[in-house]
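In the two complexes below, chain A is the common chain; its partner is chain B in one and chain C in the other.
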Partner chain A sequence: MDNRSSVEIFTEWDIVAARQLGRNEAKNSGFGTVDQARITTAISELARNIYLYAGKGKIEIDRLSTDGMKGMTIIASDEGPGIPDLRKVMEDGFSTSGGLGAGMPGVKRLMDDFKVESEVGKGTIITATKWLR
Partner chain B sequence: MNVRIPILKLDEVLIVSIQWELDDQTAIQFQEDLLNKMHETTARGVVIDLTSIDFIDSFIAKVLGDVISMSSLMGAKVVITGIQPAVAITLIELGIRLENVMTALDLENGLTKLRRELEA
Partner chain C sequence: MPQEVGKQYSELLRKYITHEDETDLYAAQQVSRKFIEKKISPEEVISLHKTSVEQIFPDLALRIGPSYDFLIEIMIHYGLALMEHQSLVRKQEALQIEMDVAVKVQDMLLETTVPKVNGLDIGVVSKPAKKMSGDYVYFIEQGNEEACVAVADVMGKGLPAALCMSMIKFGMDSLREKATEPHHVLEVINQIVEKSMDDSMFISMFYGKYVGATSTFTFGSAGHEPALLYRAEEDRFVELDAKGLLLGIRKDVDFQQKSIELATGDFIVMLTDGVTEGRNAEGFIEEDVILGMLRDVKNLPAQQIVDHLYTELFKMQNYMLHDDFTLVLFKKE
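Take a look at the complex of A and B:
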């Protein structure tokens, strides 16, 4: 599909590749500099989570155009350990990695729509969308 | 692909301008290089200019916050300059507050602020 691009996440360098792809896609979709920064930062956080917690996974970026609305969806998927307590990871300041814990609730605030699906032992899929206003 | 961030010395101040997107390794290397340079030169102040940086994620924010705390342990003061509007907005939305960090609009204001601090 033309409207989808993706980066496999295996190493730290793939985090850089994913956010560069995201920034370019955001720019080409017509997002302004603040939204470009929001999208790039969100991708960086999601890609880092994959790298830290699952070891490997994928960042996919879809360009959306539905009912006159344009936007961009980031799909971060992995087959890692999954998230045992979804409510907890959505609390500000919660982290098991010694990071700043800005991860998930931060990403949710940066984007317009945000959804987490996770199953322990199977993996996690996070879908986050930003709409062009 | 290991590019190091140049650290310049002007009197008793170290000046760093981060010109490209930071990957993890470069950020960690920068932390070490800056502290070593501080030790070698007995600089008392540092200006880190972020004018060219168009996004900061939680990892880079943590490295910056850490380098400021580490510099403080060594007796040096750090001023961060040139944070772009988009960066300020995303940092706060992300939930990152670089509190107790000296900031200034640009390099010039940052140097003035730092010199005043060092004289105090």
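Take a look at the complex of A and C:
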């Protein structure tokens, strides 16, 4: 079975498509309504960042099943400008004060595991996982 | 979320829907407090509410269910905002602790003792508007015959300001053994500050030296507020000002130096702009008001005069200090 599905992000409508994919996957994996909404919000934030700052990129969703643990991973990747100051974007108050939304700390809180790899001028890969309890 | 909490919520809701009793709402308030304590997020509460409603009205479940899903989506961001707020509050508490340490360091670093000089009565009050002051007072005593004082206002706050003050102190201490003139002290401190501090840091400073044997007060000023001299015999105030640039702007600056002689009952008030630029509801407090207050209590000991002035001006400003407030008074007995 193919455990990975993805949506390319070019326009704002693709954000909705990514959300829809994420919600379906979350539902099928057995997540409850609140966690579905959390995962979808996280996808929404990541897709929006791609749309706003990189122009284009990709949201991939992996269904996980390891050591009896089930969950799902969101991988948001782009070849945009990269994040020059990771520490700053991970700080509370940085994005919300400008009205930019939940921002990276928000995504981190919505999910269980969170990882950013970014290189200026090359792009960004964000990986976020939620485990089913 | 703990199941027992969910059950409690469900039962309480059912009871309230049946009786619509205030008691249940009061109980709901307690539950809400417990939820916050257990860090249950807003979206979880709505999910719980949805489940409870669906149990109470099973035939409505299909019709109203989506409306709750909609609300859950809306509340996710409120939940995030709440968590962010809590984390910022924790961060602020940590900063507060660091700040308290800095204040302690400043207090320790900048401690000064009021000199005891024959024939001279000294009063001092210095109150920071916030935790760390930008005003600085430092005294030097030479036997019972001489007293020097620096009254400075550092433009800038916090630790950089405190470091600046320690330079002033260092400068004054290193010159104490030589019978140094005010203009020279200002020159030396200016050089230290100019060399060590970045360009955004300026200091205004009034420096005075009283010599008991001759009852003379010699002073210089680096762009500081003029001091006020009260002449008891004439019952009038005179401004004491001397030309000089703020400290830290240019390396070589000449400071003017002046001298006056004090007669019994005369006093000198050295201050910072927190005193002269106090504001009340109608605007700045007029200088005449301040002079009037000084005149009212001119016969009191120096410390009581400055305390009185501080209390009155603090009251006039509606119990708020907009700026650091410093007064030093030299009164000839």
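Convention: the second predicted complex is superposed on the first by the 125 of 133 C-alpha atoms of A that agree within 3 Å, B and C clash if a C-alpha of one lies under 4 Å from a C-alpha of the other, contacts with A are read in each partner's own complex, and residues count from 1 in each chain.
The working rule: a residue touches a chain if its C-beta (ideal position, glycine included) is under 8 Å from a C-beta of that chain, and two chains touch if they have at least 3 such contacts.
Source: prediction; values computed, not measured.
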item	value
First, second, both or neither for A:Glu25, with chain B first and chain C second	neither
Which of chain B and chain C A:Val16 touches, first, second, both or neither	first
Touched partner set for A:Arg48, first chain B, second chain C, both or neither	first
Which superposed partner A:Asp78 touches (first chain B, second chain C, both, neither)	neither
Of chain B and chain C, the chain that contacts the larger number of chain A residues	B
Contacts on chain A seen with chain B and repeated with chain C across the two complexes	33-34, 37-38, 40-41, 92-93, 101-102, 105-106, 109-110
Contact footprint of chain C on chain A as seen in their complex	32-34, 37-38, 40-41, 92-93, 96, 101-102, 105-106, 109-110
Residue numbers on chain C that touch chain A, as the complex places them	43-44, 47, 50, 69, 72-73, 76-77, 80-81, 83-84, 87-88, 91
Contact footprint of chain B on chain A as seen in their complex	12-13, 15-16, 19-20, 23, 33-34, 36-38, 40-41, 44-45, 48, 92-93, 99-103, 105-107, 109-110
Residues of chain B defined as touching chain A within the complex	1, 21, 23-25, 54-59, 61-62, 84-87, 89-90, 93-96
